[in-house]
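Chain nomenclature is as follows: A, B, C and D, assigned in order of appearance, with residue numbering initiated at 1 for each chain independently.
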Amino acid sequence: MWSMLADNINYAVAMILFCIGFYTVIIRSNLIKKIIGLMIMQVSVFFFLVSVGYLDEGVAPIVIPGAAPSPMVNPLPQAMILTAIVIAVSTTALFLSLALKFYEHHGTVDMDRVKEEKR
Amino acid sequence: MSQHLAIYAIVTPLLAAVLVPIVSIWRKNWAMPMTGLVLTVSLVFSTLLVPQVRASGYLSYHLGSWEPPFGIELRVDFLGVFMMVLISAICLIVAVYSRKYIAPDTAKDGKTFFFYAEEMQEEKRPVYYSLLLLICAAMLGFVATGDIFNMFVFFELMAICSYALVAIPGTRLPIRAAIKYMLMAVPAAMLALLAISLLYSVTGSLNMADLAGLAGSSDYSRVITISYVLLIVGFAVKAAVFPLHIWLPDAHSKAPSPVSALLSGLIVKMGIVGIIRVTYSVYGSHFPSPLSWVTSVLMWAAAVAIIYGAIMAIRQNDLKLMIAYSTIMNLGYITLGFGLADVTALVGGVYQIMGHGVAKACLFLCAGSIISRSGYQKIEDLKGAYRKMPLTCIAFALASLSVVGIPPTAGFIGKWYLVTGSLNSGYPFLGALVLAGSIMAAVYCFRVVYYMFFLPPSGESWQNVSGEAPPSMAGATLVLAIASMALGIASSWILPPLRDAMGVLLAGG
Amino acid sequence: MKKAVTLIFIGGLAAALLYTVALLPPMGDADNPTNRHIVPRYHERGEEEAGTGNLVAAVILNYRGYDTMVEVTIFSAALAGIFAVLGTVRKRINRSYIDRAGVRFSFISGTTVLLLMPLIIVFSAYTILYGTDLPGGGFQGGAAIGAGVMISSVAYGFHRAQRRLSHHVRIILESTAISAFFVVGTVGVIGGAAFLTYMLPALTPGSQSVLRTVMLLVLQFGIGIKVGIICTSILFALMMEEDTSDVEHAS
Amino acid sequence: MSNEIHSLQPLIAILLPTISLVGLLVIPRHRQGLKRIVHVAGSLATFIIVLSLLPGILDGKVYGMELIPVVESLSIHLTVDALGYYYGLALAFLGLLATIYSLGYIKHNDDRYFGFLALCNSFLIGCAFSHNMFTYFIFYELMTLAAFPLIIHEGTDAARAAGIKYLKYAIPAGAVILFAILMHYFWGGGDLSIVSLGALSPDATSKTVLTVIFLTYFAGFGVKAAIVPLEGWVPDAHPAAPAPASALLSGVILKAGAFGITRVILNVYGLDQFHALNLWIYVAVFASITIVLGSVRALAQDNLKRRLAYSSVGQVSYMLLGIALASYHGLLGGIMHLAHHALMKGCLFMCSGIILRKTGKTNISEMGGIGSRIPITMICFSICSLAMMGTPLTVGFISKWLLGSGALQVDRPVFIAVLLLSALLSAAYYLPIIYTAFFKKPETDVEQADLNLRSEVSHAMLWPTLILAALVILAGIWVTLPGFPLSLASIVAGRVFP
């Protein structure tokens, strides 16, 4: 088991990062920190995916005409990451705008400081 | 040409979503007609798909003409096309309703009673319509795709649009509701993405049909189980399965009413459709071990959700909050239909998706008409509403008949199948629970109906209400109400193919 | 209390995930399922099938072009969402903290930007043009354009950047990518193939490849412009400040 | 059913009352007279259509038509067999008279009232003509909801409270019935037919399950049929509702529950199985308790309509008792009592309505001497109350006699004791009313004064009362007239006891 963890150290790091991000999202009451936690989660998943795509002594998946054929890493996870990055950027931007509006309304980005109120 | 219908039903709204803001730079009031036109096109295309799908069990479309495991495949089975028709129809009605709702005109005596009038600034209206189109396209793509990563992408598109639509009034409570929603939904989406990556890392494929085969014969069955659980959790947040429902009441009650109708009627259902999809088309067939306990967990969660949602709905005093909690309860019904893992119950659940979608959209739109017309949100303020807004109140009453499950409405059919299914799979207790739930539904629905129709207005209320909502709004609600009746009577045309489709699904296909 | 519960929950999650990691196939192994199942075809026939030496671009634009189409739509959705939350330009005065802090057009930064700007534009154009065969592509180039606009707006102040690139212009440019995808896909349909097929079966092989290259370029530029504009718009939307006189408390 | 003759008439009979709804929608508000004509026309046409089926039914024909299937293998299917026709005829007739009576009685907000009256009629006819439990349940639930506005029509707080109480009883009852139907559907092999005898085959499942299903049905329908632990809504709903509505309530709506139990006993289980499973004991015991308790509670009431309501609680159980006895005469008497009680109690409630309108009195103790003021009404009242006690030459006597001999046929004399006891009790609570009305002097001189002006009410209210009273006598003397209860009930009993 531990040997497997050692082999897949990237995976392990990704998972730990994921949990750190999750913890931040839950614990921190500051919106900006929550957003940072979300980004940590996202990045950890990207890290995991790119490690999945890795191949020992593989080169970038670019076919150069006339070059000697050498093992190339897996392009599919990279494409998936590109998509996921766009999603992450969009989510973060939207969340930041919400935080901005929250700040305009309440003068703070700390969710606990704001008491519940009815419409 | 006909094989391209599915893709164009999805792509046309996507394109229109970016064209609507451009057009409305010069022509302000073309936004809604464009939206309506495009959604009609989608509706027509999805409806034209039905005969094809019924003829050949499912319809497979290879995008970029790459054969499946290498490219992305659209795989529309009967469940998919069923959902596509439902989605485009409800989105169309909501778009028609929204026209007067977000762009109110003042009443005869010059003063406008519209509640969101100052909150939906004029420059936000094209944005609203393009978000509406995007979310419709996202849902269509979500139910139509046959590729699990593509499913996730559409899921995210849908999620982002729904956050934005909840927050569109820009005032305090909608913003807070949207933040709460995102704080639960984004980590859930990340869990789903992680699950998909795990699945990919042990199978090397993303195509569902392909995965179904690989997952069965994989050496990494435990990883696949874990990825299944993570994926289910990711979808369950969207589906507001019981312990993960916390975001729902705020988001649904604070959003503008058409958006609440969309959220309650369709978007939460997408989570359950996703659960059904991945369970039966990816993991289920050759790999039944996760089903056994995960589905039973979901079943009991659903049982709790029914009771909890009903009790909370009875205790509410705010109209939209009550409807939102009733949504939690009905999601419990649908999840129960899935959790029983029995064909009849699943048919009941899916029929409930449709019946509840239509009825709940109608309830929220009626609440929107009443609130925007009179500003009253408390239930006891609705006394005597019938005298001022008869059509809206009638629509509300019909829809609540369906929510309660009075025959012959769509809700009744769904409950009938749920109870039969629970008897079928040896849980008569749950069947009784479903009926007890419908009694409680009667308590909270008929209370409102009783206030509306049989009580005189209290004091000065409803004095300065200028009367019925504009025809487009009242018409939209009435259409939905009548549909929820008709779907109960016409069920015999929908049920047999649905039962066949569910049979195929449960058999793993 | 909350901390404790969260720690237990997160600990459980971490344990489960690490356990999963221990079960996963060793990283980088040549006969992992990921390297055996679909990818070999991409490696072997990717170039002549998809017409791009950059296999990532091949996957993005060709094998999984549909994903990319939805992806660029997500960008528009995010922008629409931000407009929905913050409102668009018209109701807001185009002022930012840069304008308020008296730092107006510091000579050094201005000159630097003046010198850098052409390079950035050229570089991004290059990235987009050669993205099909070399590292790069529409997203990267678009990001470069966006960065260029950002530094210029930081250096010259926000309102001047606004004047150069008004809201309406951005709205219009923002639709390029999806329109490009729609057009390209429809061409495939007209040609009798499926949506997003970059070839017309009617044509001769030679003109096939020409058509395909054209289409790929159309897509790359569409994506590039779109990404750049979106980055700019998001920046503008977030930089704009409410005129504090009419902060709406409509609640 | 195999020998079912396809005919549209059942459907037309169900749809006809709704023409008065159309009348409500299209006729402008100020043309009230025209509206009322339309209401009467609707219910009259219904009655005529139902009557037009009579000859065929007497020849033992069975009409029917299958409407759309709702759930697969379950369809909304209308069938007119003898039992259903008998119930349908009774309620169409009473509905017609109640509509005419309402013209004189209802004073305010009558659009809502007449609309829901018409809906109630059509849904009740749907119940009567339904082919399977599924159809029955659909119409039953709709009828339950449609009766609510009738109960709360007066709009007073008491009426609202009564209406809410009614819903509190009726909606859970609906859910219970639905659960029973689903169990029946599941374990009965998907056959919910209620026209063939003994559709639920015993070999399908175990005795316990059959018993459970039956008791669930019994509890569900028992709420409408006012079986004793579940009768709580009846004494509140009747006084609150307008007189014609309460006439309908105890005349036919209470019977809808009893009719459902009858269908379950006769057609779902079949008398033999019903006995083999010893289910008759539950029914007979509960019915007897209800009969006695209802009469005893009636004694204590001073409000006239409350007393009548409790009397209905007792009377409806006569039916169930007769059927539970499972002897030829008992069955005959039980089924005949459905219509007999509808006639008597309808007339009584209409009389109470007239009393209310003319003298404004609701309590019996204040009714001194009204007999000399509204003599015709009070004579009708006396006839019906005598019939209630079972005086010979009235319908009450016939059903009691048949029930008694039915009890003897299966020699269980204890039930004769029950019948006699209830007869005595009903004498004890009806005779004082007659005495007060005719022989007691009013308290105050003022009333004494206006006794001299003896004026009956409008014809619209008087004639239905008279017709009912006349029928009570006529059907008591000329029993065998075709179309009268005996002719139809004997067909039903003849099917059960060939």
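Basically, a contact is a pair of C-beta atoms (placed from the backbone, for glycine too) under 8 Å apart; a residue touches a chain by one contact, two chains touch by 3 or more.
In this text, all values refer to a predicted model and were calculated from it rather than measured experimentally.
Visitor: Could you name the chain whose Cα mean is nearest to the mean of all protein Cα atoms here?
Guide: Per-chain C-alpha centroids ranked by distance to the global centroid put B first.
Visitor: Quick one: chain A and chain D, Cα centre-to-centre, how many Å?
Guide: 71
Visitor: Go ahead and note the Å separation of the Cα centroids belonging to chain A and chain C.
Guide: 17
Visitor: Roughly how far is chain A from chain B, centre to centre by C-alpha average, rounded to an integer in Å?
Guide: Here the centre of chain B sits 29 Å away from the centre of chain A.
Visitor: Chain C to chain D: how many Å between their CA centres?
Guide: 74
Visitor: Considering chain C alone, which of its residues make contact with at least two other chains?
Guide: 20, 23-24, 34-35, 38-39, 42, 64, 67, 71, 74, 77-78, 81-82, 85-86, 249, 251
Visitor: Counting only residues that touch at least two other chains, what does the list for chain B look like?
Guide: Touching at least two other chains: 149, 153, 156, 160, 163-164, 167, 170-173, 175, 178, 200-201.
Visitor: Two or more other chains touching the same residue: where does that happen in chain D?
Guide: None at all.
Visitor: All pairs of touching chains, please: list them by chain label.
Guide: In this structure, the chains touch in these pairs: A-B, A-C, B-C, B-D.
Visitor: Which of the residues in chain B come into contact with chain A in the complex?
Guide: Checking each residue of chain B against chain A gives 149, 153, 156, 160, 163-164, 167, 170-173, 175-176, 178-179, 182-183, 186-187, 190, 193-194, 197, 200-201, 206, 254, 377.
Visitor: Mind listing the chain C positions that touch chain A in their complex?
Guide: Where chain C meets chain A, its residues are 2-3, 6-7, 9-10, 13-14, 17-18, 20-24, 26-30, 34-35, 38-39, 42-43, 46-47, 53-56, 58-60, 64, 67-68, 71-72, 74-75, 77-78, 81-82, 85-86, 133-135, 139, 234, 237-238, 242, 247, 249, 251.
Visitor: In the complex, go through chain B and note every residue touching chain C.
Guide: 4, 7-8, 11, 14-15, 17-19, 21-22, 25, 61-66, 69-72, 118-119, 121, 123-124, 127-128, 130-131, 134, 137-138, 141, 149-150, 153-154, 156-157, 160-161, 163-165, 167-173, 175, 178, 198, 200-205, 214, 218, 220, 222-223, 226
Visitor: In the complex, go through chain C and note every residue touching chain B.
Guide: Counting only chain C, the residues touching chain B are 16, 19-20, 23-25, 32-39, 41-42, 62-67, 69-71, 73-74, 76-78, 80-88, 90-91, 168, 171-172, 174-175, 178-179, 182, 185, 188-189, 193-198, 248-251.
Visitor: Taking the touch rule as given, give the residues of chain D at its contact with chain B in the complex, in rising order.
Guide: Residues 68-72, 75-76, 137-138, 141-142, 145, 149, 152, 160, 163-164, 167, 171-172, 175-176, 178-179, 182-183, 185-186 of chain D touch chain B in their complex.
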